[in-house]
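Next come the structures, one after another.
One chain, chain A, links the two complexes that follow: it is found with chain B in the first and with chain C in the second.
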Partner chain A sequence: MFEKLSKAEAEKTVKERTELFLDVVRKRKKPDRVPLVSNDGLWKLIDQDIKFSEGLHDYDTLHEAVCKYQEMYGFDAHADYCVLNKVAFQESFGKPRFIITDEPPTLSITDTFSMKDEDYPALAEKGIVKFIFEDMLCRHYEYESKEEAVEHLKKAVQELIRYNEYCGRIYGTMVEEYGVPNLCAGGYQMPFEFFVSGLRGLKNTSLDLRRHKEEMIEAMEAIDERLWGEFMSYAPYIENDGTFVFDTYTCPMAYTLLSPKQFEKFYWPWMKKYFDFVAEHDQTAFIYAEGAIKNKLEFLQDLEDKRFGILLEQDDPVEIREKLPNFTLMGGYPTTLLGEGTVEQCVDKAKEMMETVNYDGNWIFSFDKLASFEGGVKRENLLAVLDYLRSVKL
Partner chain B sequence: MEYEKILNYERDWEEIKQAIMPEDMSDEDKEALMSNLIVYSIITNT
Partner chain C sequence: MVDFDALAAAMGELDEDTVKEMLEEVMAEGGQDAENAMKACQKGMDTVGKYFEEGEYFVGDLIYAGELMTDAVSILKDALVGDGGGSGEKTKMILCTVKDDLHDIGKNIVRAMLEAAGFEVLDLGIDVPPEKVVEVAKAENIRIVVLSGVLTLALNSMKDTVEALKAAGLDCRVLIGGAPVSEEARVSTGADAWAYSPQTTVATCKAWAAE
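Our next item is the complex of A and B:
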């Protein structure tokens, strides 16, 4: 068990853990051991017999679940503290987009998107905030009057405040009581992601790539005024005080829709801007690459060494280590094995990866796919793998 | 239903912001929270 620490112990531990990570990412020296990062979403609730319908509406329960998860497994950092899905916030708008079941435990999102083909010029002209306020909010939630909209927005802002308070509380608790640094201090999202995760959905975005090419570019420039503006309000001033690993992160997901040629036009200009910023400010960055990034590697191969980490979901970690020596690999350990394998098989896989991907000490352990499903991970397998990796001195 | 005519940014933004935000918050914080509220209402992966 990895119990809560005293204030002094936590201060010391969080700095030691951050230094361990930075030894790897900055390639300062071979680390003492492999740093361990949890790539767990909601499996921690399943592991503790907490119903999704309860946990996802009760921040005290979530907070306790994350603390117990840390006490059980003793990770050096976490990819998620159950903050990815703002369920209670979304529900407060009166038309829930998340569908939760407890038997089996699942969380899914409805495939409903309200932006129409003909809305592109309005989005480009108004910018994302004004566009959603005027054109999308009432249409999407079917508010028939201003009063109805205000009534729901009042509830929603209270839920957003509760969500923000939970985030601040759990990040603080992990640093101050468990000595666990946060993975990043901030983040930037590419504007193309907005089409898939709210405006148009997968199917329409795919069609728009052929039907509305130039309008999409104009719309992304409008969206990015907010995204980049918000990022610039704090990112240049980030200074690592020893409580986080990477300065910032980005989580590309919708890029998997794009061919390399489309990626170059619809995604790379914004991604490159972000990477250039990171290099110019001598910062570090973490890419949580959802899906497979294999056919986009050519774009990443020339980035500066000693500042970028990448978590892989579907790619072969051995191949990525070979083709992206300028990146620190995070993860690649198969989540399916943690769920379906035996303890022996799981430890053997960890031993194999110590040879195939950690040959130079430039690997951060994590599992490939976000664990959020029943049977996704077996407790004894995860404990055995972590125990083994902690025992190996590099 | 012409949903696009219910809210007008120039006419309604400030009024709604003042109506729904906590009173003890600075105007700068209210504006930032209001913007996030509106964006997150539709964009889920942020």
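Our next item is the complex of A and C:
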């Protein structure tokens, strides 16, 4: 068990853990051991026997579950504290996008959209915020009046405050009571992601890539004016005080729709701008690459060494280590084995990856896919793998 | 007269304007070549599948191809129906996303490609319980079932569905498809085949239909 620490112990531990990560990412020296990061989605709740419907709405319950989870496994950092999906906030608008079931525990998201083909000029002209409030909000949530919209917005603001309070609280608890650094201090999202995750949905975005090419580019410029502006308001001033690992992160997901040629046009210009910023400011960045990145490696191979980490979901970690020596690899350990294998098989796999992936000490242990479903991970398997990896001195 | 090789090539290249112009031309000429036009479109979809396998096309292209094929059928349908359905008797089959999984984009892409290949697809939708698949398979005398899923959780439902079909004594071939499937998953679910790509799904179903 990894109990809460005293204030002094937590301060010391969080700095030690951060240094361990930075040894790996900055390649300062061979780390003492492999850093351990959880990437388990909502398995934290399943593992702690908390229903999704409860844990995703009751932040006290969620906070307690995450703390108990940390006490059980003693990770060095977490990719997420069950905050990726702002479920309660989204529900407050009155038209739920997430579908939650408790038996079995599942969280699904519907491919919803309200932006029409003919809306592109308005988005480009007004910018994302004005466009959403003036053109999208009432249409999307089927509000019959502005008054109804305002009532829902008031609820949404309250929910957002509750959500932000939870985030601040859990980040603080992990640092101050468990000595666990946060994975990143801030983030930037590519504008293309907005089309898939809300404006147009997966299907229409796919059609727009051929039917509204130039309009999409103009719209992305307008969206990015806001995104980049927000990012610039704090990112240049980030200074690591020893409580977080990477300075910033980005979470590419919708890029999996794109061929390399489309990626170059619709995604890479913004991604490159972000990477250039990271290099210019001597910062570090973490890429949480959902889906498979292997078809886009040509864009990443020339990036500067010693500042980028990438978490893999569907790629072969051995292949990516070979082709992206300039990146610190995070993850790649098969979640399915943790769910279906024996303790011996799981530890053997960890031993194998220590040789095939961590041969130069530039690997951070984590899972490949999220384990947000019943039986996603067997507790004894994960404990055995973590114990083994902690015991190996590099 | 429309150049059907050019039509197939335009479909393969996902050149929407050219495809639609050519199909409109077929209809403007009386529609007697609708079946040949449909075959050309199907040939073009084979090219789309090939490009996907080779890594030139991605998921967005498949979705676009599915939409374009739907539009093509819509343009030609009056002439095809007038011909008694165009390609003759079709093989009826079941397609669905299994219980506890709500994802339908992959399923819909596969559906478009199966229909383009001449199958009569009974799309049972998403979150479909095993008993529903059994019920329809019995009622429609189905021999081919394609089960789709995105969540790893879907593998359990796929297994339950395969077992339910066997328990009901139905002689169906079952293919599982989607993100979590693999040879190991095929073995553990008891399915007859697995496919990660729509193209493999279509090829397998075509082979089964031809038996």
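One rule holds for everything that comes next: the second predicted complex is superposed on the first by the 394 of 394 C-alpha atoms of A that agree within 3 Å, B and C clash if a C-alpha of one lies under 4 Å from a C-alpha of the other, contacts with A are read in each partner's own complex, and residues count from 1 in each chain.
The definition used in the following text is that contacts are C-beta pairs under 8 Å (C-beta built on N, C-alpha and C of every residue); 3 or more make two chains touch, one makes a residue touch a chain.
These numbers come from a predicted model, not from an experiment.
K.L.:
After lining up the shared chain so the two structures overlap, which partner does A:L303 touch, if you call chain B first and chain C second: first, second, both or neither?
P.N.:
neither
K.L.:
In the overlay, work out which of chain B or chain C sits against more residues of chain A.
P.N.:
B
K.L.:
Return first, second, both or neither, reflecting whether A:S259 touches chain B, chain C, both chains, or no partner chain.
P.N.:
The answer is second: A:S259 touches chain C but not chain B.
K.L.:
Quick check for you: in the superposed arrangement, does A:T106 touch first (chain B), second (chain C), both or neither?
P.N.:
A:T106: touches chain C, not chain B.
K.L.:
Taking the superposition on A as described, I'd like to know which of chain B and chain C A:L209 touches: first, second, both or neither.
P.N.:
Once the two structures are laid over each other on A, A:L209 reaches chain C alone.
K.L.:
With both complexes superposed on chain A, which partner does A:S145 reach: first (chain B), second (chain C), both or neither?
P.N.:
After superposition on chain A, A:S145 lies in contact with chain B alone.
K.L.:
State whether A:K154 touches chain B only (first), chain C only (second), both chains, or neither.
P.N.:
After superposing on A, A:K154 lies in contact with chain B but is clear of chain C.
K.L.:
After superposition on the shared chain, which partner residues are touched by A:Q90: those of chain B (first), chain C (second), both, or neither?
P.N.:
After superposition on chain A, A:Q90 lies in contact with chain B alone.
K.L.:
Which stretch or stretches of chain A touch chain B in the complex?
P.N.:
85-86, 89-90, 93, 97, 109, 114, 126, 128-130, 132-146, 149-150, 153-154, 156-157, 160-161, 189, 193-194, 196-199, 226, 251, 253
K.L.:
For chain C, which residues are in contact with chain A within the complex?
P.N.:
Counting only chain C, the residues touching chain A are 14, 16, 55-61, 63-64, 67, 100-103, 105, 151-153.
K.L.:
Can you tell me which positions in chain A touch chain C when the two form their complex?
P.N.:
Against chain C, the touching part of chain A is residues 99, 101, 104, 106, 108, 110-111, 202-203, 205-207, 209-211, 256-259, 262, 295, 335-336, 339, 369, 373-374, 376.
K.L.:
What part of chain B is in contact with chain A in the complex they form?
P.N.:
Listed in rising order, the residues of chain B that touch chain A are 1, 3-4, 6-9, 12-13, 16, 19-22, 33-46.
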